[in-house]
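Same chain, two partners: subunit A is paired with subunit B first, then with subunit C.
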Partner chain A sequence: MGATTVVKARPARPPSPPEAPAARRTGRVRSGPGSRRRRAGMLMVAPALLHASLWIGLPVMVSVALAFTKYDVLTAPEFVGLANFRDMLDDAVFRKSIVNTLLYTFFTVPFGMALGLLVALALHTGLKARGVFRTAVFLPQVTATVAIALVWLWIYNPGNGLLNTLLSFLGIDGPAWLSSTTWALPSVILVGIWQGIGMKMLIYLAALQSLPKELYEAASVDGASRVRQFFSITLPLLKPATFFVLITSMISAFQSFDQIYILTDGGPANSTTMMTYEIYKSAFREFRVGYASAQSLVLFVLLMGFTLVNKRIMGGSRGHN
Partner chain B sequence: MATTELRKPVPAPRKPVRKPAGSRPVPVGRIALYATLSVVSLLMVVPFAWMVITSLKSPVEIASQDAGLLPEHWEFGNYVDALKAAPFATYARNSFVIAASHTVLNVLVASMAGYALARIRFRGSETIFYLFVAALMIPTYTKVLPEFLIVRFMPLAGGNDILGQGGSGWLDTWWALIVPGAVTPFAVFLFRQFYLDLPVELEEAARLDGLGEFRIYARIMSPQVKPAFITVALLTFESSWNNFLWPLLVTHTDSLRVIQVGLSVFKTENGTQWHFLMAGTTLATLPMVVLFLIGQRYFVQGFATAGLK
Partner chain C sequence: MELNRRSVLAAIGAGTAAAALAGCGGGASSAGSADGPAEGEITLLTPIYEGANGKTLLEQKILGGFRKKYPDVKVNVDYTTYAQLNEKITTGLAGGLLPDVLMMGVGWIPPFAAKKAIAELPEELATAHDYEKRVLEPSRYDGKLYALPVVLDTRIVVYRKDHFAEAGIKKTPANWAELRAVAKQLTRNGRIGFDPFSIELRQCWETFLFANGGQLFSSDGKKVLFTDSRGVEALQFFKDLVKDGSADYARKTDIGTPSNVQTGKASMMMTSSALWVQAKDQNPDLVEDDKLGSFVLANRRPAMLQGGTLVTQAARSKHPAAARALVEYLATPESILGAAEQRGSVPGLRDLDDTGYVKENQFVDLSLQNLQHAFSEGGTAAWMEIREKIKPTLEPAIVGDQSAKDAIAELGRLAEAAIGRM
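And then the complex of A and B:
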């Protein structure tokens, strides 16, 4: 979920009323006892900083460096320039994985967001049982993707899985979902949407609860219909939340791995392979670590690119909160 | 920002936020709303129910094409047999040890860092904060391969020499399972947000009383942000328990296998015995569901705070 916390981090600087005075005054202790204070501060950050340097900073640098090498872990890396990237252009399976990743993201994210928003709106109406509904919708979010994928593997089971059993009651002969090149990707996408709704719903719900009620009261007085209010007030005000949900969902969609590993192993005939799965295969099955690093760099650049484009289109997350 | 609102009432404020009720004499809309939400909730819960139901069926019944949806005989013994068929108890213990260590380490280290970044200005503090923020943006897959290599070539570990050659480093050790994922920039970030909101008077009073900075952090300020601690602890435990790829990469012996990896292996090794596999999956899922139900408002707060700040 990390990424866009980032984007949200910024408004904390020109902070909202309650935190403003406190935030401004902290840290402004002048020299004297202040130097001890500063030292304490550095000491307190040190462990986290050290950990991040070793397990995030260093890996990122190594990853970039290895992308330009041929490396099989056993012998020393050999500089090959852009060869890995050229190989990628010729790699039909990797191209397929990019297409699949984009398709998966395109279907799970916007559809999941629309559903999440609808459920959030429904729960925002002040129903008595909202807690129960919210819990049910959020449940898949706290469950391991591996466990969820295993359950769906069984639901999709062609012979006597739940889905085909239910379809047979309707007289429909269901396909072999995960081993059909036509149905495998849609099946994986369905699981993705199903699992992701809870998170999207929750962020929308929190955002809805922080909207100013006065606007709606004023709009009602002016005779604006509920639908009109939704499009003219709610949706624009939800823009920061939408941006946040979009970015975080996209990042996690781009990085889907567990469900592919369990559900299809990228098959049949590479119809469900994803970029992450290809990276995993290159690195840990074929031991082409340099190539895998180059692939992961492409993943990173694509994600960054999408984030920036979205930021452009959405005008960032500042503004409304 | 919704900071203040999110503090306490997270289990969704009791009072309706808008008050449309009066303007609607006939509750048709409300009934439709309940119906729709019930259907949606059902769709979310059915797979879990199907998992539990399958775990209580006999293999014969699972294999038969025309069996009913519910088991004819409830085979509670499946759970006992599943625990015998694969060392799920060991897997669960391993997962628990890792998740608990991550939780403790993350809460300690990240809260300290978050406190310092929120309340103390020192040279480079702003840069460090932005580095943590940048770290949030790095996709797992850009890091995971080099992380693996660092573990593999960890100097002076697992028979490695000082240059990291010769042995297997931290591979297949608790170190590899626990250390790399112990502290998350997300937790640092979340803690910082919580500490930012505290009034400066608190620490000033403590400082006048002659308390050192560590004591102010530990005794005065941290108790004020207990929800932050609970939130980070729950989120850390959950994501650690659910983690799959990293433990898959760095371990290969059964004694260090975690529950998610154990399940995935069980699927292929035994030609997929669905009743066992679903029993195992239920066992792996249950702790998280219980944890979520108990700490629901903190989960919600964690996700919502991340979203709104």
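And then the complex of A and C:
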């Protein structure tokens, strides 16, 4: 984890034995302890490499190839060049799904991160029964989304749901949350924020627990307030953890599917449909696997773009040794 | 060509992708023969026979009888729902593990028959039982028989007789003008006059389209016909009801939960004959006190959507004779009656018209009496794609500012593009 690199000094590496000139030229080492270490290393990563090649590399390659075909599962793929991408430009629903995905990411990621950090700070300050709180906050992360969505379906039920019942005590006539084009997306976003807090909290908590106490002691001696300490020490030192949380949260937000599938089915009037949901619909409900592959490629490019931009802005996950 | 590490890796990559693509495309084949003895282990994929009762009915009663007749056939059942049926079939086709016998909906036969994923059935099966005249139509593609009907699910209007009596309404609406007026009259004290939205919007709009004299596609399935004024008027009618306040899209209920007519929150609703069974279970007083009535929607003509579940055989079954035997068995009157009773559906065989079940379920009785006014969805090989587009394309017109004309035009454009890709 990024946070570990902040504080732990790297152990000194033993000097490598000098390589023979011939071996340096060919790039091969045929014998010696270095070669054995390399071979052992290769052997150890081989299962993971094989797994990644088979189950990630191959599907990605096939998916990229299928993006340029018309393929309906029933008949062999037919090369259509850029037709799928042209269709995508005309697809108003897919455009809407991109906007919805960006909106969902824009709200769930920063709010979720802020809340995750707040909860982590609260738990870090020696709160009583923090184990219970930590479990409670983390529970949505490990609970099946289907179960969570069913609970939220009841909460949002316009007739006898928890939310509208509470609002009725205040004299407010709550809307039909998931059936309204105005409220459906914010309702889904709220579920997304709530569900994601646990993992963000956990990463921040781990990072907070590894921060050097000496810095805070020195800052206290210099008379820095707790707020000043937070902004001048804690936040900068949490930068690698923040980068990690940001990237994983963004990827997760871009891939949100389950809650849409159960809560709204993309509706009403496509107001909650997301890119992954449209990809799923194209492939599994409309039998347009080639088109779905092209949509996946667009999602991949978008995600890659955002990740690179973030890396550029935040300076990557470099530690502060 | 110079053989180096890069070129070898590139060749391996291209070869792998090509092999994978070739493997993916192995779904097409001609219809399988069903000669030989019925034996072997086969799989049945079914979106009906839900819950413990459905499972008991299928595995003990129906398949129990089948096992007695065909002791050398073992049937493994793969249960799913209509919501997940598409995914099951897609993944089955992609993985080369399509079940031997499949149950699917009305409208699904042309897409799968056109791609040769399901097997053609012998024509004599169409006359093996006394089918109602139009019941077999959704089982055909290009004039050939590909499936047999198990149950029908018609769409009718159910109303509260007590609400009608309260408002002094003596007869059910004969056209949309009357329906709108009656719905307005019945809308009072937080109750809506009409709930057309608690069934799937696609099927609801189709019923209104058919009642307005329209149709979805040309008989060869290659032309879109719903884009004319009749399709627009059908959608506009929903907007008018919402504008009047006598229908509310946000107040639709979920399948299985007590409907608005059952709870008294609506006086009329579009529904299926299954509501009779649901009401008997959830609000028996409504049935016992004769508070529920039903009628067939009408405008330019009376129309009832005929959905349902059909049973068909995979083209590439390893045990075609066993699969064929199961298809035939699931379409016998005994199997059909059990499934219809369990779901509250309509049996499409005249042999079953006089059964206690048909006489007792008034909505089934009404449906059987009006089968001549039944219309089915689908009719094009591009249906699987088009059916997914209907709800999300029409919904913005109902809940937003989009005009009915624009929504129908957009749907027409999408449907034409889908047909063009076939």
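Just so we're on the same page, the second predicted complex is superposed on the first by the 268 of 321 C-alpha atoms of A that agree within 3 Å, B and C clash if a C-alpha of one lies under 4 Å from a C-alpha of the other, contacts with A are read in each partner's own complex, and residues count from 1 in each chain.
Here is the rule we use: contacts are C-beta pairs under 8 Å (C-beta built on N, C-alpha and C of every residue); 3 or more make two chains touch, one makes a residue touch a chain.
Everything numeric in this text was worked out from a predicted model, so none of it was measured.
A.B. asks: On the A-aligned overlay, A:L58 touches which partner chain: subunit B = first, subunit C = second, or both, or neither?
C.D. replies: Touch partners of A:L58: subunit B and subunit C.
A.B. asks: State whether subunit B or subunit C is in contact with more residues of subunit A in the superposed arrangement.
C.D. replies: If we count touched residues of subunit A for both partners, the winner is B.
A.B. asks: With both complexes superposed on chain A, which partner does A:I155 reach: first (subunit B), second (subunit C), both or neither?
C.D. replies: The first partner, subunit B, only.
A.B. asks: Name the contact category of A:I262: first (subunit B only), second (subunit C only), both, or neither.
C.D. replies: first
A.B. asks: Which partner does A:L127 reach: the first (subunit B), the second (subunit C), both, or neither?
C.D. replies: Only subunit B is touched by A:L127; subunit C is not.
A.B. asks: Just checking: does A:K281 make contact with subunit B only, subunit C only, both, or neither of them? Give me first, second, both or neither.
C.D. replies: second
A.B. asks: Under the stated touch criterion, which partner chain does A:S232 make contact with: subunit B (first), subunit C (second), both, or neither?
C.D. replies: It touches nothing on subunit B or subunit C.
A.B. asks: Just to be sure I read the superposition right, which of the two partners does A:A176 touch: subunit B = first, subunit C = second, or both, or neither?
C.D. replies: In the superposition, A:A176 contacts subunit C only.
A.B. asks: Of the partners subunit B and subunit C, which touch A:V73 in the superposed model: first, second, both, neither?
C.D. replies: both
A.B. asks: Please identify the positions on subunit A that touch both subunit B and subunit C, taking each partner from its own complex.
C.D. replies: In subunit A, residues 58, 62, 66, 73, 283-284, 289 are touched by subunit B and also by subunit C.
A.B. asks: For subunit C, which residues are in contact with subunit A within the complex?
C.D. replies: It is residues 13, 16-17, 20-22, 24-28, 86-87, 90-91, 93-94, 111-112, 115-117, 249-252, 384-385, 388-389, 391-392, 395-396, 398-400, 410, 417, 421 of subunit C that touch subunit A.
A.B. asks: Which bits of subunit A are touching subunit B when the two form their complex?
C.D. replies: Touch residues, subunit A against subunit B: 1-3, 5-6, 8-9, 11-12, 15-16, 18-19, 21-23, 25-28, 33, 36-42, 44-45, 47-49, 51-52, 54-60, 62-63, 66, 73, 119, 122-127, 129-140, 142-148, 150-155, 157, 159-160, 162, 165, 194, 197-199, 202-203, 205-210, 213, 216, 226, 241, 244-245, 251, 254-255, 257-258, 261-262, 275-276, 279-280, 283-284, 289, 292-293, 296-297, 299-300, 303-304, 307, 321.
A.B. asks: Inside the complex, what are the residues of subunit B that reach subunit A?
C.D. replies: Touch list, subunit B to subunit A: 1-6, 11-13, 15-18, 20-21, 30, 33-34, 36-38, 40-48, 50-51, 54, 62-65, 67, 69, 109-110, 112-113, 115-125, 128, 131-150, 152, 179-183, 185-186, 188-190, 193, 196-200, 203, 207, 212-214, 217, 238, 241-242, 244-245, 249, 260, 263-264, 267, 274, 277-278, 281, 284-285, 288-289, 291-293, 296, 299-300, 303-304, 306-309.
A.B. asks: For a test of understanding, state which residues of subunit A touch subunit C in their complex under the given definition.
C.D. replies: Answer in residue numbers: 58, 61-62, 65-66, 69-77, 87, 92-93, 158, 175-176, 179-181, 266-270, 273, 281, 283-289.
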